[in-house]
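Below: a set of structures, written as structure tokens.
Presented sequentially are two complexes of chain A, the first with chain B as partner and the second with chain C.
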Partner chain A sequence: MEPRRSPRTVIDPKVRQVGFFAPGAPPERSVSVPPAPIVSSSSSSPPVSDLSPSGNSLSPVMIPPPRHSSADNALLPSPSPSRPVPASPLRRDSLTTAAGRSYSKPSDFFPAMSLTASSSYAGRMVGNAEFSADLRGNTVKVVPTASSFPSGGFDLTAVKASSVPATGLTTVSVVKMMPPVYDPEIIVEKVGGSVEVQNDRPERSKPLKEKTSKAERRALQEAQRAAKAEGSKVPASSGAVMGANAKPIKATKPHSQKNDSATVAGSEKRGGDRLSEKDRKKDAPHPRMQYDDKIRVEKAKRRAVVKQTEAKNRVELFRHLPQYEHGTQLPDLESKFFQLDPVHPAVYKVGLQYLSGSISGGNARCIAMLEAFREAIKDYSTPSEKTLSRDLTAKISSYVSFLIECRPLSISMGNAIRFLKSCIAKVPLTLSESEAKASLQSDVEHFINEKIILADNVIVNHAVTKIRDGDVLLTYGSSSAVEMILLHAHELGKQFRVVVVDSRPKLEGKLLLRRLVGKGLSCTYTNINAISYIMREVTQVFLGASSVLSNGTVYSRVGTACVAMVAHEFRVPVLVCCEAYKFHERVQLDSICSNELGDPDVISEVPGRDDINYLDGLTNSENLQLLNLIYDVTPSDYVSMIVTDYGMVPPTSVPVIVREYRREHVWV
Partner chain B sequence: MPDVQVLVNDFLNKLKKRKIEGSLATARQTAELLRSVISQQRVPYTNQARALIDAVRAVGEQLIAANPVELAVGNIVRRVLHIIREEDLSLTTAAMAGLGLSAASDDEDDADQDNHPVLSAAAVAAAARSTLRPPSLQTLLEDVPDSAAVPHTSSSGGDSEGKSKSADKSSRTRKLKHDVIEAVNELIQDIATCHEQIAEQAVEHIHQNEVILTLGSSRTVLEFLCAAKEKQRSFRVFVAEGAPRYQGHLLAKELVTRGLQTTLITDSAVFAMISRVNMVIVGAHAVMANGGVIAPVGLNMVALAAKRHAVPFVVLAGSHKLCPLYPHNPEVLLNELRSPSELLDFGEFSDCMDFGSGTASPLLHVINPTFDYVPPKLVSLFITDTGGHNPSYMYRLIADYYSADDFVVQRRSPTGR
Partner chain C sequence: MGRGRERESESPRNSRSLCSAPMDFQVVVLAGGASKKLIPLISKEVPKALLPVANRPVLSYVLELLEQSNLKDLIVVVEGQDAAVRVGGWISGAYVDRLHVEVAAVPEDVGTAGALRAIARHLTAKDIMVVNGDLVSDVPPGAVAAAHRRHDAAVTAMLCSAPVSGPSESGSSSGKDKTKKPGRYNIIGLDPTKQFLLYIATGAELEKDIRIQKSILRAVGQMEIRADLMDAHLYAFKRSVLQEVLDQKDTFQSLKQDVLPYLVRSQLKSEVLLNGAPQAEENGNEKVNFQKNQVMVSRILANASTPSFHEFSGLGTNDSAPRTHKCCVYIASNRKYCARLNSIQAFSDINRDVTGEASHLSGYSFSAQNNIIHPSAELGLKTTVGPHCMLGEGSQMGDKCSVKRSVIGRHCRIGSNVKVANSVIMNHVTIADGCSIQGSVICSNVQLQERVVLKDCQVGAGFVVSAGSECKGEALAKKEK
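Let's turn to the complex of A and B:
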């Protein structure tokens, strides 16, 4: 996961002002400089923002007396009535107080960082932090000490944004204040762990090595980030969570984090359209891992569960894509089936199926993955000192990285994972674990049913209207949506003929042909090379897609572009059938920059044709490279129409659907 | 004569059963066969050229009918006919020149027959127009049918000569046959060496560090690429495998053993890769008079992709592949469907075929064509053994190699119009 997400630095001056940092204060300071200087700098910082009314008066430097908070609490029940209140965050009394004060005096949070706070205060802070962590939907650390503090009922009004800042504080206070309770090392580890989780980084052992001071520093940054997000509304906080999730948070790069969280917070304040803009920015696709980057590949390899050997004789043009020798790792993995701890058996099984190729096709892979995740969620139990949402997100992330090792994710799977993570992040804290799990499972099922199965039905109903008697329909490869369309049209009694075009090495068309002929459709089967010959008699071309990118290009099985091109040349309409969940806002112009490489060896041997053995002894020759591309990119001008569950649209309308759909996806 | 018939029948069988692969082999064998036909043909004293032409035509007709798709057969038959006419003409003009020497004694120039002052040379001029050069507007407008004109002229010339100089007759008879056989030998030589002549031009077209895409296998392409490699050009070749015959594997093997950087790709990846390709170099099955190409299946797709990405599409073709015909619906009429077994195993779908469903037609068709037609607008350049040419220049090239009378070989009798 990590390699895909390089830290982004969003430099937006307006955003930067939000929060506790003085405009002039270089953000790096917080990292390298011990707490005190920060405090000083922040003390002079301008008002957080117009959003927090009391922000102006806040002095982060101030260390409030321990009791202060509770008193304040009483006095300040809900300092920001104008702000929308989160639906049902879990609150403790201490939190409430902290929250209440947080508006007036964010300085409350800082004592912890300064390491001088009294234990009682720290204790409160812990509670506060814990609560906030809950709110943020990240991994929650259950700190036993929290219970020792007064815990009030749920104060809905007070919670608000204050919850957000707490995360970082928690960790700090735990580290500093609880030595008697926990071995500091363990705590540190936990802190690191939690941070890790946020980062979506699978490696957990790393933080162990870190010194407490580093943890402190990290915690400090967390706190600052949180403090910044504080002013934001609750939805913003969830947004912030996602933003945080998306970016690797490194102790050495607080700058970007700050900006990230600040971005979200700032965008929240500016409301609707502003939000969507920011949202779009945030959702801009991350640069994918480039496998010609040696350092990152090394890093990724160290973590990998699946030990893959690099294929020899790589094609120069595709060094940036992973290519492994297939077949070597499968037995090894199978033998590890019962030992592999961190991966849920269902996920493991799906991974192996990806590896062996027994599950292929965009929808099938996506459904299999989601089902496996559902199983994993069902069997999941939150470790005692973690919160469900954080820990589960981490788990899912590690599963995902396992699946990536088995086979690179398709774009549709990426979308589904994003959906699942946002679901997890949005699980209300009030739910018990079993309820949360149930709701997540139903979310997953909902996604499968609505976005895939139901979407397919809608597509079929749309597309069938385009089939008339006497048509000759051409399809390429094997697309589940197209197959359903053809079968449905046949059931409706339409008289048409199907041309199934196929290509090596997968010969998926043969399987489709078998199913169609079995259902009694009249079929013609041919190779992709004969496409120019057959196209003259074709009236319509139906193609499936792995994804549709927002510049209208269709990312699909290799060869689709050839078919669409020839159809275009012969003035035959090309209909691309693709569920909207496969749309992606990424753009791509050629098939080289991003693609997937299959097993090169299947190129050199032709099954069933023993006479084609020219390359038998040559596959190791360094002059010979075998290239097995999986996908290609069809330019949008070859596509007449895209049939989706939102209707039939021209390729130019894809970005619209991506935008609308994304909003629904994230916010609804 | 009978042994020739045996040879002819043998060759016919091979053609019919498609035992001969590739236009080069077909062309060479056709030329050799015709050579033996000519050498065995008994030439009458009069009208020898006519006799030879008839004999060649008769055999040629059978050969073409045996495999109408293999255009190289027809090309060679026409080339041989053209050779006979030319040799006959040159002999006639030489004789005329001899006559002229005695009669008018002014002209010995063989090449300048048009202005020959001798009265009987009018016939020679007509013959010259019809054989040596493409049909000019004047020839076309003349009322004399060309096909009738040639044999008539030659026969008349022979007759007159036979009457006048009987001693010269036998030597002339032998000379015609001998000359024709010599010329056919030269043609065979040309066919055999066309690779080298094409490959010689490789350095002019392949640059350092280029990426070249080709599909299927062609000996011409192989020699072309290797010639560039020998000239120390380092470049990289993408070979599309050319399913369902997978000749690309063969080409890849040859290239690898000769030390070229070769990447084998599937045919479906052509569009994906073409954006990084500098040049597409392919062989052809035949080149039509309009500049269109009959090529291995899949090349139309490649040519379209190349056009889309503005990649030059270069066709290598020896002169024996030049066909003087204009194509009509070539995708169907000049195509051949191969066995479905190359796509589907025999009996693979027998279990899901519903033969008892009442409709007589089977549910499943398998289409496996051999050739593609690439229209001239998609071709950037032809490289033949005489150099590089534009598709629009093909008709002119063809006029150099064929005489207009032979475009339709089947027409046997000169009066049979």
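Let's turn to the complex of A and C:
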């Protein structure tokens, strides 16, 4: 019981929405009442007698929404509102709680998990009527006991009801016995809807007992329509009751779902069909999904193409960020190379490169992604009965979600994707497919050329004016823009010295250093530990950035903030070089809420130095948590100037550029 | 149904010629023809590809491995017209509606490179995967392909740990096999990250010393030489490179002995045109500007990616890096099974493994006694069939027989008091009473008369072993007419 209770308390706010549901009803009352029954229903298993009263009190609370217009005292926990609908919500609630709880046990009851069971449930009506009949006989009184006796018709239906949400996502479409209306609805409604429909069945079939399957189907349709209208108010009382009940059902849903996903649905899906790419797109994890939300993570994981094993020991503060066990993903993805039809080879290659870390750096990742998308567009052909703009957008979205699975997107990539999608949306319908594709390809090319290459050239020209003879320039890590500046200044014949500051574990600075030295610049190389010493002799600091946020905060490779702060302390000007396409209107005050976690193993062990690998064997220890942050945030106070393709601006002007830039360019 | 789904998902994807090639990969299976090493097991009737491994032709293991990876469009190249007809007939019977296979016949003795040369015009996809038909493995070919793609390599070879040869129980393997053994090994040089192939030599051509190029060694800094790896004969080639090599070097006969070592040798001073093709297309009007941007783009990409030693070798004094191409390897993990049927020893080893430790490959479900006995097989009184055995359809055994770690094919008639251990008996074999067979391979339609004792023998198809003869370590076959 313990692990289950916690998600339920997480769900709590959702239940509260039931109160807001009814506009007329005073919210605070509805807020105050529902949680109690929910909690009690979750803990209902041990006290047998406790359940039915709690179920009773639950139902009136859930009822109000339909009645809000007529009676405002409906919220009072009186049994009267439940009369019109004869005890059905109560039964349904208790049913689902029973289901949620009893599922773990009946998993051996239904070992192979009844894809067919649920389908027969939908298809065969007579048998169902019987079930519901003895269900009806059972529930009102016997609910609590029913959960403890996992035998008889009741429990069977309960299991079915609970098993539905898990299968409903994918396998339903495979089942052939379903009425045709059924499967699209379920996919659209996702879990909540389908649960409802299924749970609704006994109630429905009670009046329709022994009726034909056609009538049943109509009832089903009706139920679905009601389910659809879940969010809005529905005049029909039965529908509204259902709408209200959807919430508590949802509250129980995660349980069954999680249990299922572990045992049944997951295995079933892996063995069987892939999700169509459209589904993938629809369910694509939010780019900034909160990874401490177990339910969502669970969901996302089941969809994921890349096998994602969550790392075990994560730092508490960063639980909301995705962190997977590195090293397991790449071989797994590689072995599935040919099994992923929907992913274009070029995109796949880029994804592999992201995952293996062979491409890093904001500009490079963005360019690689755009070029892959250009390839994909080139090979794209619209399927019949679809429009290019919609289908291609869906396709791109599925690619993007694949790339996210490989590595979280950078902000620059997000901007580029937005640009591409808006381009696709704007393709005039009159264009033929080949023309549209050609124009999109040239759009992508223009983006690369103008926003990245040209922008870099402009930045270089601006920044070079700041370099004077005798300067000592410090840079951190390896930024493509800074490198170009340094090389260009060198070509112009300026006499200056470069200090390359680097940090473990990536040691990107070494590559930069190698190229600079190869070009004949005089360089000093040091690690970030020595920053406070080396800063004395530095006259200017040039930094790259992954993004500049609209409060002037610079989001960049971890360690940048440290360098900027030390420079500020030594009164050394800090110039941040960042193309304007990387600007983002987000405001971020710390580097906790949005960040990326790298492979923790690379900081725990030093390659090639077996003699100092003291952490060997400790990495799985409970008491050790490794944190390998990728980015950090530099407050605008420490940034003297931002060099961008619109000129050199103070950090406070960033929002202006974000605004103007947006207006000037297509993305809205 | 699987096929339907495949079509469905692929049809919208591609407009180019690669509609048949998932992920722009084309697969060529080199099924071989008559191999000298496997005489007398193979004959005109049974080409190498159709040799039974656990009562299934060995080619089926490759085909099913590919099918599992969703590679359903294959080109099977067979040496010899007759063999091609036989292999084609078998495939069309066994894989109708499952795979789309084209069988190409090439003349015998053209070698693997020659075979590819013969079908070169059918190759259109960006990358080509070449698999030998005698591979029995469960390593996903996708992994090789992905490694190939990720590095944008010219060639990627799959390596697996070399098999521990010899039958596990009877330690006294015949001396003949022992002398052969080194021939199957390779000396392989890898870079420290174990991703690139720096040196490869097969054991046969290996003399006292191996010559390693200084340039490569200098570029890499450190080379790991290994002898415990085996080339699994599963390669991914970049098509342009492969065709270039095949065109230029018409003396090359074998992929393994000529093409691959050549590519490995020349990886730092590549003579194959690699970057020519993609940059051919340009927009006419803004050509100069465009090219400049292209250079910038490629430089940004190159600077951002973790460089391999190939790039370092170019980072010397001058800007123009010499042309390089990458030769990658994919090293299969030890848990995977991987073996090649290229000798008689390997044939019995694989038969043993497929019914034993690598039983998941066989596709059969094993009984509780860890063996497979076809329901139509008949066993006499007091006859025991031990674990890791297989008894094919319609076979009959008399009384008091014992079978250990052996595979017996279809419709064999075995008399009483026969002992079979560590052997492979193919179809329609008649064994009279009192025979004892150990570590042998007996081909189809062979008759063993009473009290024959065979140890470590190979009996060719249709041979009749007269009563009471005892043989040890011999190859018995009919004389070719």
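The rule is short, and it goes like this: the second predicted complex is superposed on the first by the 378 of 668 C-alpha atoms of A that agree within 3 Å, B and C clash if a C-alpha of one lies under 4 Å from a C-alpha of the other, contacts with A are read in each partner's own complex, and residues count from 1 in each chain.
We adopt the following convention: contacts are C-beta pairs under 8 Å (C-beta built on N, C-alpha and C of every residue); 3 or more make two chains touch, one makes a residue touch a chain.
Computed from a prediction, not measured in an experiment: that's the story for all the values here.
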item: Chain A as common anchor, with chain B and chain C clashing or fitting; value: fit
item: Partner chain(s) touched by A:514 [first = chain B, second = chain C, both, neither]; value: both
item: If touched residues of chain A are counted for chain B and for chain C, the larger one; value: B
item: Chain B versus chain C as contact partner of A:504, first or second or both or neither; value: first
item: Contacts of A:379 with chain B and chain C, given as first, second, both or neither; value: second
item: Partner chain in contact with A:609 - chain B first, chain C second, else both or neither; value: first
item: First (chain B), second (chain C), both or neither touched by A:487; value: neither
item: Contacts of A:438 with chain B and chain C, given as first, second, both or neither; value: neither
item: Chain B versus chain C as contact partner of A:526, first or second or both or neither; value: first
item: Closest approach of chain C to chain B (Cα atoms, Å); value: 7
item: Set of chain A residues, in rising order, touched by both chain B and chain C; value: 514, 518
item: Chain B - residues contacting chain A, complex; value: 236, 238, 241-244, 246, 249-250, 252-253, 255-257, 259-273, 275-276, 297-298, 300-301, 304-305, 308, 331, 335, 342-345, 349, 352-354, 357, 361, 363-369, 372-373
item: Complex interface listing, chain C residues touching chain A; value: 5-6, 9-16, 22-25, 69-71, 126, 140-143, 145-147, 149-150, 152, 290, 293, 296-297, 300-301, 303-307, 315, 333
item: Chain C partner contacts - residues on chain A that touch it in the complex; value: 273, 331, 333-339, 341-342, 344-345, 348-349, 352-353, 356-361, 363-365, 367-368, 371, 379-383, 448-449, 452-453, 456, 478, 480, 483, 511, 514-515, 518
item: Touching residues (chain side chain A, partner chain B) in the complex; value: 315-317, 502-505, 510, 513-514, 517-518, 520-534, 536, 557-559, 561-562, 565-566, 569, 590-592, 595, 603-604, 606, 608-609, 612, 614-615, 618, 621, 623-629, 631-633
